[in-house]
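Across the two complexes that follow, chain A remains constant while its partner is chain B and subsequently chain C.
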Partner chain A sequence: MPNDKSILDEIHLDALGELLNIGMGAAAAALSTMVQQEVLLTVPVIQIIPSTQVASQLDDTPPNTVCGVKQSFSGEFSGDALLLFSEEKSLSLVRAVVGDSMPLEELSEMEEEAITEIGNIILNACISSLANIFNDYLDSALPEYLHEELESLFEEKESSSNFVLLLKMSFNIAEQDITGYVTFVMDINSIIKVKAKINKMLGITD
Partner chain B sequence: MNVLIVDDSRMSRMMLTTIIKDVHPDWNVESAEDGPSAIALTTVSSFDIFTLDFNMPGMNGLELAEQLKPLFPKAKIALLTANVQDSIQAKAKALGIGFIAKPITADKITAFIG
Partner chain C sequence: MYLKENIRSETDIASSQPDILDSCSFGIIILDSYSRLVHWNNWVSKHCGLALKDKKGEHLELIFPILAKTRLLNAIDDSLNYRLPSTLSHKLNPHSLPFHDSQGKEIAHNIKIIPLKQSKDTYHCLIEITDISAVVKRENQLREISAQIRREKKWASVTLLSIADAVITTDPEGRIITVNDAAEKLTGLTRSTMQGTMIDSVCPLSQDDKTSATHPALHCLQDRLTLTDSENFQFISAQNTPYAVNLSLAPIIDSDESLLGSVMIFRDITQARNASEQLDWQAKHDHLTGLINRREFERQLKKHLADANKNQNTHCMMYIDLDQFKVINDTCGHDVGDKLLGQISQLLQNQLRQGDILARIGGDEFCALLPTCPIKNAFSIANTLRQSILEHRFVHHNKPYVLGASIGLIAISGQEQNAAEILSAADSACYAAKSAGRNRVHVHNAQGDGSVQPQQLMQWFSRLQLALEKDLFVLYAQKISSIDQEKTPHYEVLVRMLDHDGSIIPPNSFIPAAERFHLMQRIDRWVLNKACSYMSALEKKNKPLPIISINLSGTSIGDPYFLQATLDIFEAYKTPSDHICFEITETAAISNINEALNFMTAMKKLNCKFSLDDFGSGLSSFSYLKNLPVDYLKIDGHFVKNIVSDAVDKAFVDSINKIAQIMDIETIAEFVENDEILDVLKTLGVNYAQGYGISAPQPLDSLEL
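What follows is the complex of A and B.
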């Protein structure tokens, strides 16, 4: 049974952590520009886990209804990038980006669209950064707004593959106390392709 | 000056319109949510400046730019996108259009529109 030790060596996990660090650095810079304040980042968490455990790994703050954006990407490797945060912080995030001038009613009315665009910017910063490091092109699908329970979000994945690579990194906007995270989910075929790319980049012979 | 903003995000269209109108209150700023709507607008109005999102349903910003370039050879056109991959920037350069990375800020937009 594959696990993170048997599929990826320490050096690959380290490289993936650094890649996510760079991607999230770009994403945090974009978010920081939008909210005009510092965005704090945690250290990345990288795991290869059964797809059935993705929701429970991500859910550290029950109740687990989340808000966010999903963007699928495809190229030599493919997967889903997700920006997720608890649903009660959604409007605060839109407010932090749009500013105080917009009336609450109007703000609520455009909440979904605003979150989708915020997610588009953050996730594309990450995806673009990965593509640039690998000197590759990743096609990103249109951003998809999410407002659902984590369990149902990953139901589809569970049926399509057994193990997934889960990269997770949290961000915090202190002033509004908004915490969220960006996660990448890739299946085993993509993990193997990413591993080959890291090997090539680091001059490691397969 | 006539400006056409093409972006499937309403928030982006609103932010851009506000920034441009703040600097140039007398300019005419129109917007479209996708490529076909933008092309339709160009058949009834002429534009001097275009900002084009890249990831849009139906037609992407580079495909739209390819159609707009021969129609408006003197217009300023820029791709305005969160997709900041080197390959996208290279394609924009090859097409002879500008590239502005999202997020949208007043500084970036005024630097482009003048």
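What follows is the complex of A and C.
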């Protein structure tokens, strides 16, 4: 199995981060308009890791029940894009955005819809950023709301060939800093394609 | 042209199967790649009030101008240009499409925007609108209920925390869930320590000093039993402090009968219990001596009466009245009297058997209940008590005082009506003991011979009243004869009562009753009146006047009105007051020393004489003698009658006489029954003699002067 360095170098990750941050800017603008307050979105960390390590990377306090949004995409390369929050963080985010005066202990059905929309905006931004690399479109399915344990979320993809592009995301909204993660689960072929595209974009020859 | 075809091809799907889209219960809008309306289903027409045929081909933002600059348009753009699907939540986009229901109310909706591939590069856009009004309503209700629950929870928790009683709740297994501040304080454990632990391990409760097998809270859970305000429990805190607690327990049962847990409420009642025990003790006991009081004694008596009735057990009861106590109390002060009562109660208690019940039921009255005791034994115990009181030496300011006790004894037959009847009979027996001369035990006889029954006492009261009204008294006189030289004749007047048949009732039959019913002063006045009248009559007849001695009771000399009455009588009869001598007992004089001195001083001014009666029987204090302006000292007859044979009595009489002579007080010996006694008295130098050996009492009117 090739190690992650051999898959994507620092330089590739930096380039990806650059691209994604541009996309995030657009998403943040969309969110700001929508909630009528300033929303800042940044991607401070970007990593590529085997999918088996995702759980340990995201959180170190089991049981790690997460809330999130999943959007599957396909095209030049395919996979699942996931935006994940700890349960607590998802509540904070929704409440920061919606500002309900009388919060419930769990996300209500409508709040789930709201977080799906937020995830949709961010994931759309990410997917289109990736699509830009290819000067092409990636077809994407409708976003789905997730609420499950971290381990089981990555269980089905537990093949050694699967890698995860892990983006740590920082939401700054209504004076709150909320951390979330975006993961792109991709197979090795997709990664190689991405690498090649970035190399081409940066004028690097293999 | 190209566009038209596209639109047509799109509508083909819709128009070929219009029913499919129209029968959908959600809205469907299809836009072409220029965001122009291709189709919408019936649901949309119905809720926006616009016909599809009128709007087909128009830009969506022109059909619905309200959409300008909304996220919906951006999302449509993303869909058409970037093939990105979007979801728009009602929460973040509350007023997207202007759709209304049949009542004109805005429809809350979620929107999904899906890119529809038309050809390789051409994408249409499908907008799916879902009515979520019901969800919104449900959520609002949920929030309302949740807010209400939160408020109630807050309310309950603040109430719980601020409640002064300790409150602990448990789950159905008995594990602690909530603990309020008071519970923390009482258990001495923190909330966090207690939560999750079994209640029996941190809240040990014992009942009546024995730890019960099952903790009451677990018992409550097991049997779903409620316990309210039980005060039999003791709680041991973590610091090993025992508390008496008032405990309430209740299972918490859901509406479906399932057990949710239990609530335990307890309160430290140690202080309250101590206070109540103290009150209880005080209610049952005499504060001064620590003995039980009358009420409690009656309760015990009642219990033993029932036992005597049911089990034929013989119980005895005695009524003890201290003789001379009043004198000590009045002369030495109440503090000293109280101290003496304490000593006496200890003394009595020491003589009684284990299990005997001693009570102080009045000033100087005690009662003892002797359970399962034959009357013979009780009599012997009573005599032991009497003897021990007599032998008790009470010393105050270096002066010894002698007490006596009159004891009435009764065997409880079980046939008595109630405790009061027994007490009353014992009281009567005690009274009889007193009447018979004090310092003795009188056994109550159920047949009524000897002791005076309460009914008889009441009869005495009415007889005395009648006698006073009808003048049914007569005066007798007994000579007080001068031993050494001839002097003015001296007589003591004695009162007798006439029975309805004319027979004479001796004084020891009615004087105690008169004392008891406070009739002595009236009798004294009657006597004084008669005596003065007699003297006045003698004077009118120019007869030689004797000196007459008149007995006065303690109540009379202690009463200023009596002094006035005496002066009035003297005035009325022009009484030769220098021929009047008042006899008062030492006890009467000392009990009311100030009043007695007032009376004596006033009468002395009229040249009246005073004689101190029964000297030697009571306190026999020469120091009092010094302070009292008496002319005669009457030596108690009990010493006199044995003077011939008893050297001690003789010495006693001798010493009294000697001291009296030195004090310039003349002495009178009582009970002089024969010449032998008179001879001894003569040798001792006693001045006067009185008794059957000299002269028996005779009616005053028949005196030969």
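Keep this in mind: the second predicted complex is superposed on the first by the 157 of 206 C-alpha atoms of A that agree within 3 Å, B and C clash if a C-alpha of one lies under 4 Å from a C-alpha of the other, contacts with A are read in each partner's own complex, and residues count from 1 in each chain.
Note that a contact is a pair of C-beta atoms (placed from the backbone, for glycine too) under 8 Å apart; a residue touches a chain by one contact, two chains touch by 3 or more.
None of the values given here were measured: they were computed from a predicted structure.
Novice: Contacts for A:Ser140 in the overlay, against chain B (first) and chain C (second): which applies, first, second, both or neither?
Specialist: The answer is both, since A:Ser140 touches chain B and chain C.
Novice: Of the two partner chains, chain B (first) and chain C (second), which one does A:Ser108 touch, if any: first, second, both, or neither?
Specialist: A:Ser108: touches chain C, not chain B.
Novice: Pick one for A:Thr116: touches chain B only (first), chain C only (second), both, or neither.
Specialist: The answer is both, since A:Thr116 touches chain B and chain C.
Novice: In the overlay, answer first, second, both or neither for which of chain B and chain C A:Ala28 touches.
Specialist: Touch partners of A:Ala28: none, neither chain B nor chain C.
Novice: Which partner, chain B or chain C, touches the larger number of chain A residues?
Specialist: C
Novice: On chain A, what residues does chain B touch that chain C touches as well?
Specialist: Shared contact residues on chain A (touching chain B in one complex, chain C in the other): 30, 33-34, 98, 110, 113-114, 116-117, 120-121, 124, 127-128, 131, 137-138, 140, 142-143.
Novice: Please name which positions on chain C make contact with chain A in the complex.
Specialist: Touching chain A: residues 71, 74, 78, 82-93, 110, 112, 114-115, 132, 135-136, 138-139, 142-143, 146-147, 150 of chain C.
Novice: Residues of chain B touching chain A in their complex?
Specialist: On the chain B side, the touching residues are 8-12, 55-57, 81-88, 102-103, 105.
Novice: Show me the residue ranges of chain A that touch chain C in the complex, using the header's touch definition.
Specialist: My answer: residues 30, 33-35, 71, 97-98, 100, 102, 104-105, 108-111, 113-114, 116-118, 120-121, 124, 127-128, 131, 137-143.
Novice: Can you name the residues of chain A that touch chain B in the complex?
Specialist: Touching chain B: residues 26, 30, 33-34, 98, 110, 113-114, 116-117, 120-121, 123-125, 127-128, 131-132, 135, 137-138, 140, 142-143 of chain A.
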